[in-house]
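Chain lettering (A, B, C and D) follows the sequence in which the chains are written, and residue indices restart at 1 in each chain.
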């Protein structure tokens, strides 16, 4: 069985490399994008093999699905603008290739040197999981331990949208009607997609899933609707649309403000609890010990009173 | 601790969190209500200064404030850190940001201003978040937020040159952050933490840390546009709208440099196995000074000239890497000089780009040889350009002079005549390109041009920033202790 | 291995055989319409057999139901997409293959 | 063993992405290359985190999910920018403007 698994892993790794190479090298751009989507799906499989089902869901929904749809939509519009998109085939350049292969070999050695005993935070996450409010460790890291990263990441999404709007991207023009079949499919599929997104969001607390995967499923529903030629009513594209896209990041920011406002007390508590759990505390040089005239003092003052 | 308690009321306020959240909230609000974008943008840009003063008083006298976001703390959570080094960059951002915001308010017509304000506030929030972060992966996210905002701002003017410049910039900045992230991956698996403080204790010399240094150094050098990775900078900075060029040259390239300084002073320099990397960075810095200055001298347009001057001035920032103290540690005097140069260059370069924007608005072009007696017609702009240029060239009595003098002194004490020679040559070339432009200010051009009115505020803000660059050189004694502690503390933390 | 195990192994093998045949057809058939024909067989019947085989192994009605749901969704999407591809090919005037 | 396979595949993807980014002229292809480069980095980040038999480290998983969202945002912006470049210059590439273009009459 082990041999089978090793063989599967080896084939999958080689398949990933081969698909990536073909996606970049094949002369037809459309084919390249389709190969890239297939590459994304194989990536999802690789995440499953690496015991990262949350990442697999995100990759399948966002990496392969949404990115693929965006790439295809962009290619369709590129063909419509008169821009000649067929370029002469790129010549093979051995100079950079050799340099990169050498750099890759060095990188590979460095990576292999880490494999015997990689350091990580499994133990700390497991110890604090109970206080995070969810039982799926990945969700705990995303929404709680490293929630600040997630806030910034949401803002990156919003920023990309604003930036695209600021470039005055052509509104998608009406194409030939997609036909009754697609329309029918959509009517059947949209409720299912919304339901699936809600399920993913709910399941994320204790099982693989979560907000981003759910959001990506909703996004895919939106892309499908666009493909089928459905458009927002004009009176919904102004402030209502802007409100809809800013409500998520806005809410997250409000939570962050609340945290910042309640911080002195919170920091005091956390300093107390951390003392029990943090292995860093064994190091006398850790910043915890040479810090915090700011946030520790109010707690002290309160206790004195 | 009686005085500790009296200060605590002020120090307890979450200045650092406000400094990050205010611009980001402002950005979302400005995106949501385009009609209020202008007051929101101006208010938030100006609000940075009092908040920064608050943060400064809280930090003063400590060796840095740490704040565990969400109360988790390293290594599980993310930590914010405010110390003298971050304050140098935060103050630069607040000052230049306010000046450019005032300028941009007159520069952009309403259709563009609607987009400028949210994008600028995103950029401001990302910069503040970056300077306050003590977490390697959090730094990656702030880098991406900053990069995307900067790309969108570059493309804001439209037009083929700006769009192509922005596209090239986007690819370069994405490549830079991904290569940086690969280094982060190696460091994380080598040490099991992303926090600077813990990394400083756990990092050991080995293939993983060497490769990580190479990757992170290369990625950040690409984002800082260190020669020969500068290829993306001149087209992007020269074709962006003038206030955006000022922000890019003064602040955005400094942000990736800040991460590099942190990594170097706190993590990699004490490993002692990295001296060769320092020498390489120093060589590239020297090449950047000579190449950038030479290219600047040859440019036919003011904005391109100023952009190539940025390539050259970035080179000076890398001259401190090869300078080591007797114990093999970074030379504090050289790093103090480099931080001084960061502030001086940001003020002067922003002033130069804003002045170039005025020239462009005035004559409809920025070809140097066709500048038509602008000295009589735009005296404030000309004064701003000349003052800022004197600081860039490192002539007394400006901020640039102090920085370059300190750096020269450090190089001389170590007997690094190669660095000294390049710095002097670079100064000569810089004086050459500045006075080439200033000379054309006074001459009539062969063809007269239709002149457009330049709003007074655009002239005054350019002059204001240039005067700040000058004032920096008049009383260096007041600020130098701050810069000293900005260098000494990270190094002391690293040695613990 | 018990009876159900043999059955599901048989079903899985049969499903894999359909996928093999479908892939072969995708690679070897002469035009887009015949290739679609080969592909839908793999998607519909092959996946159906595999889902049945897995459902026998799942040991819970909930998981079995989810598996069947997946199959139904793929049926729906596969049929619609095959139709759309064929329609697009027809609109572009791609001729049918004749010997 | 699993970790080594995927980590090395990640390194190979990084190399491929870098090569594609530097050699390909078409902007869409360059964006594909950036995405492949990113996938390689993510693969290295996660595959190093697992030890056989032990539960995998969730922190790299969370980092990769964040990274995937950032990558799709950047790709979207890049595609819009590419369409604008193609509309303005007639070619979806980064050719440097010809010499006479460097002094535009604004």
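Quick note on the criterion: a contact is a pair of C-beta atoms (placed from the backbone, for glycine too) under 8 Å apart; a residue touches a chain by one contact, two chains touch by 3 or more.
These are the chains along with the protein names UniProt gives them: C = Monovalent cation/H(+) antiporter subunit G; D = Na+/H+ antiporter subunit C.
All values derive from a computational prediction rather than experimental measurement.
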Task: Those chains which touch chain D (Na+/H+ antiporter subunit C) and also touch chain B - done: A
Task: Taking each chain's C-alpha mean as its centre, the one farthest from chain C - done: B
Task: Centroid distance [mean C-alpha coordinates] between chain D (Na+/H+ antiporter subunit C) and chain C, Å - done: 33
Open item on the list: Using mean CA coordinates as chain centres, what's the gap between chain A and chain B in Å?
Closed with: 29
TODO: Please work out the Cα centroid separation of chain B and chain C, and write it as a whole number of Å.
DONE: 57
Open item on the list: With centres defined as the mean C-alpha position, give me the chain A-chain D (Na+/H+ antiporter subunit C) separation in Å.
Closed with: 14
Open item on the list: Give the residues of chain C touching no fewer than two other chains, as numbers and ranges.
Closed with: none
- [ ] Check each residue of chain A and list the ones that touch at least two other chains.
- [x] 107, 111, 114, 118, 120-121, 125, 145-146, 149, 153, 156, 159-160, 163, 167
Task: Two or more partner chains touched - positions in chain B - done: 137, 141, 144, 148, 151-152, 155, 182, 186, 188-189
- [ ] So, with touch as defined above, which chain pairs make the list?
- [x] A-B, A-C, A-D, B-D
TODO: Could you please specify the touching residues of chain A with respect to chain C in the complex?
DONE: 176, 178-179, 181-182, 184-185, 188-189, 192
Task: Footprint of chain B on chain A - complex, ascending - done: 106-107, 109-111, 113-114, 118-121, 124-125, 128, 144-149, 152-153, 155-156, 158-160, 162-163, 165-167, 239, 242-243, 246, 249-250, 253, 256-257, 259-261, 263-264, 266-267, 269-271, 274, 278, 280, 283, 285-288, 290-295, 297-298, 301
TODO: Over in the complex, which chain B residues touch chain A? Could you list them?
DONE: 1, 4-5, 7-8, 11-12, 14, 17-18, 21, 24-25, 27-28, 31-32, 58, 61-79, 81, 115, 118-119, 122, 125-126, 129, 137-138, 141-142, 144-145, 148-149, 151-152, 155-156, 182, 186, 188-193, 195, 197-198, 201, 206-208, 210-212, 215, 493, 496
- [ ] In the complex, go through chain D (Na+/H+ antiporter subunit C) and note every residue touching chain A.
- [x] 1-20, 22-26, 28-29, 31-33, 35-36, 39, 42-44, 46-51, 54-66, 68-77, 79-84, 86-87, 90-93
Task: Residue ranges of chain D (Na+/H+ antiporter subunit C) in contact with chain B within the complex - done: 14, 18, 21, 27, 30, 34, 37-38, 41, 44-45, 48-49, 59-60, 63, 66-67, 70, 73-74, 77-78, 81-82, 84-85, 88-89, 94, 96-97, 101-106
